[in-house]
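First chain A sits with chain B, and in the next complex the same chain sits with chain C.
Coming up: the complex of A and B.
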């Protein structure tokens, strides 16, 4: 834990605290627990997708296709259960189906990346359009508003609620806890399994990893399976919370998710992709956009502010990285 | 003595190009064997063949008495062979402990990571080479020497029986090299053999028990003792007797190509007078700070002199005040620090070769024609032999010696009449050095007049016909190289013979 909190994560916590206090001075409501509830709820989907994007970043590339994969998995599965009149299907079955679709789609990426030695970014730029196009062309374009019952129930399952002085109730959504558990699991996977450590090794230097006897294909395969599964789950979360299955509505928002991962240390040489950092990155971006809405700031300003924070975060990381590079250059 | 590794007549080609051509090598138990050879002679290729990274085309590889046809990296590790590559192959985003134990995790097929145990074992390994470092530090934050120690620890954590180090000292300071030698000797005491690959001859003499010399992909000398002299090492590495080589003297007749009169720059040099004739190679030598470096820069207009006069082919042109003045009179200059002053490291060899003359290649509408550029690149590159030359590879991929050749080529492209070479072979291995010398002699034969600024006395004697010795900013003496020995010149420069005179 001590190791984790070093450097980047600490900076993020600092930025979050400063922003929080600053926002709170303008609007004391922001400091309330209800605001925390709404920020976390707004982050559920982003946070889950961020986990999928982060895993791929750890093995050395930027994935652009995770939203397309999540959308595809969610829409195809919901459509299937609805059209087959399986509205009473259990939640576990529906989610497992989405996970399976997510895995298959991500393994197609893996095939191009591993077997044909293509860069992750290039492959996923291609498959992103491919998946989105296939979804719209062959699966359907209509909105499905009648979701299976288990998903409808899940959409309003809360674990805690607070009522503010105006009588408005804020709820802590159960998926917030689910996401938290997923983060912990991925953290354990990355920190305490050989698979996780090998993933970091490959991302740092694939040649060195090969020389150290690491099986690159196998490690990447497993990481893509996990990332595909998480993307499928994230897609289901999105459909569930929206209470409507819309095909490919989120595709195009990849950069905001990737920005959160970058902020969380994905761009730094040292800790490329950290679970805690990613969580903080997601939270920071949600904090900013949520509170700017509360302050009534126009949305183009929100984008500008978000962009500025991302740039600052990444510059801070690369400044640390740059000094290391400098050292390296001087001695060689 | 037990043999650990034996190579018999191995051959390795890369798409037709022969890298190993019948190489033989034997490494015994508990020995420090130095493997020396010029850049590109196949040392790294041979190592990669032993470690299973490359496959030999033919020949025998016998490890601990067992014959291997196609050894895998895993099998090599299981036989106790560990390689420390030139780039260390460490993971910067991980801690020292994790890096040291990384190979362990793969060879033991472990599923889970026990951080506590990992750190303990890493610490124990570090103790074995008496290296003290915080195992929680990230490798990205270490300096080169520390990274190397981590790489060594990682290798011995695997119970290595043979540790192969590929040019381990190229990025180390002298003190760090000492430390490395201690570690290597300590390893030997613990029963580990070391194959120490280098092209620095002093290191060989100091650390080796036994020596193998490679040239053009095969062993040309192999001994179980370290009695080879430096001269002989050079001879085996290059196939030439360096000391035999001297430049033929030239006739200094007619009008000098360059004449420098009363050149002065406060605090750097004063009252410098000399002439340079066509086809002549003139050395300027002296102790550090004697002014030779600043004189070179002044002659090229980088840091102009404050007074004096220069005559080109007898015509007075006043002072050289700017680099452009020098270029206008067809003077070329090869800087001392090629990395910062000379080359665009990420661009191709071919592009670098014509970087200086690119403007002259412009055709109609100032556009460049691909064919013209390509022809000029080929013509320029053909002037110099660069081992492993692929015209479209970035310069960064070349060894230091070959990079220096590219710098030379770049200046030769402009066909200078006068060439100033400032410390042309600093940091260059012996083979490349003698090739650079060949180039300089060759240019002189073609009529280029050259000034070589160098404090490498053997170099001065081998390439120059005449030498000026500077002392405290003044030219103290002038000698014809044919009348003088290396020892005399060395004595004169270090001021020893003055003491002799005084007695």
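Coming up: the complex of A and C.
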């Protein structure tokens, strides 16, 4: 099991290295630390959402609603704090509020999935439409450009910076480190706690897990709480980095995030979603989308290249026999 | 999950209950909307304009339903239809530039349709072959090909939209025949063909069988790979038809047109009683689901509430119907258990 896990990630590391070196031969700038900074900066939000999507995938289904949840949490919370004239509110309070909203929305999903034993995919297609529609129809459609002070400060907080030969400064954003810490925490949770092991067991074979005495309902509840919290945080990251609260602007991009999780081994039965794999998947897709322009390839080639890489990655996984999600990839 | 086989038996047993339930849903939506805005909702003009909008979602939902019945899903439908629509658009634009008329124009038109369908078939075949030969879940494969096909369409057009077709092309998408919009006739034709395929042919029987239990179908001597490949090719053809309809209706083709349709098609197909785990799907149910969704969205337009209310209501409707199914199923199980005891 460990071997499979490792080999899938090794393949990804291999693809990344090959691409990177190939890119670097054409344009040495791509190998520079400044470029790494900008790739990581660009993937903060995707990486955080991918973590939320991955957690749900581990317990056995594809979630479509995480971007709607994140957007909803971010917009509602920012709107509340701005309209209540609480611009000086501390960052912790704002983030906790977003986390709470995220958890509540994801628990609504959990209710339908667990209590009504409906497939995760189908329920979240419904709630995605519902959350997005509710947000835009009843909460508001206007952009909020004056964010609370703590978020404005966070948007430009850097931990390191590099100036390249052209005199342009590249900064390592503090949220990159925050995301890294979140990945480590989720990895520890999944690997070293009963909850994590139970989650993997449910995803691999729910019936067997039930027979083994695992409380499916409770495990899924906790996983959905964590995923909801992470989606809320990701939504706040998006608003913060954008420096504007736009309702539901990211909704519709779910499949791009899910593609990164799939690439990271989310498709494999035994290791449906590993934390390292997800991180590598996000990085690989960001590497392609951020660097084709530096290579002199017109930007309209980007999506075809991304699609090809996804197909190659998935086929490689399956050829190694790791893809066992079965014919029912669409559901449960 | 343990309930899944129960689900399936339930669905197989009460096929007509699905139809009846959806007729009720449709009538309820219709009555509410008619009461809220009778002077606008109950007009021929409104029904005609609904007819134009129905065709695109209708074909997409059909494609989604067929692949779901096989136990898979096709996320690449929008990409295929834009890709094939763009190919057809280039040919039609050439026709307009060359000033083709009469018989030459007809040839151009046939060529455009042929090329669009061919692209649909090839894209579907690629999906079907990867899914069936390499046994990779349909969702992963079509997520990849979705990006690939959209990407190819973007490369062809450099991200711009293609427009400027002969005026006859527009006529097809914006006029009525015997009182019904021409796209609606296409949809009706598509629904009838799909219904026959699903209910009256050996392919339809095999498709449901494979979707329900691929191992059993293999042991009864069915060629699972071939059936799956056929299904994705059919899905590709349906998508290509949407590409052509969009072209005639909007006078342009664009690589990123109609992205919202994807989740709407999934929603519509599941609302139409299609079992997302495979094995069951019925065109009657799909049609009713389509009509009730269209009533909702037209009704909200009449009430001058935008698309956001519509999306909200669609989500609520899906969850409400799923919840109702669940409650009903549980009640059936309970009465069944009680009967067994006595």
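Keep this in mind: the second predicted complex is superposed on the first by the 314 of 332 C-alpha atoms of A that agree within 3 Å, B and C clash if a C-alpha of one lies under 4 Å from a C-alpha of the other, contacts with A are read in each partner's own complex, and residues count from 1 in each chain.
Please note the rule applied: a contact is a pair of C-beta atoms (placed from the backbone, for glycine too) under 8 Å apart; a residue touches a chain by one contact, two chains touch by 3 or more.
Note that this is a predicted model, so its numbers are computed, not measured.
In the superposed model, A:308 lies in contact with chain C only, and not with chain B.
Measured by the number of chain A residues touched, the leading partner among chain B and chain C is C. When the shared chain is aligned, chain B comes close enough to touch A:193, but chain C does not. Of the two partner chains placed around the shared chain by superposition, chain B and chain C are both touched by A:207. Residue contacts after overlaying the shared chain place A:184 against neither chain B nor chain C.
In the superposition on chain A, contact is made by A:64 with chain C only, not with chain B. Put simply, chain A uses residues 207, 210, 327, 331-332 to touch chain B in one complex and chain C in the other. The touching residues of chain A, when paired with chain B in their complex, are 3, 191-198, 200-201, 203-205, 207-215, 269-272, 324, 327, 331-332.
Contact residues of chain B toward chain A in the complex are 53, 73-74, 77, 83, 85, 87, 89-95, 98, 102-103, 105-107, 110-113, 115, 136, 138, 140-141, 143-144, 171. Per the touch definition, chain C reaches chain A in the complex via residues 1-4, 68, 71-73, 75, 130, 134-141, 143-152, 154-155, 158-159, 214, 259-260, 263-264, 266-267, 270, 276-278, 305-306, 308-316, 318-319, 322-323, 326. If you check the complex, the residues on chain A that touch chain C are 62, 64, 112, 116-119, 121-123, 125-138, 141, 206-207, 210, 252, 255, 258-259, 262, 267, 298-308, 310-311, 314-315, 318-319, 323, 325-332.
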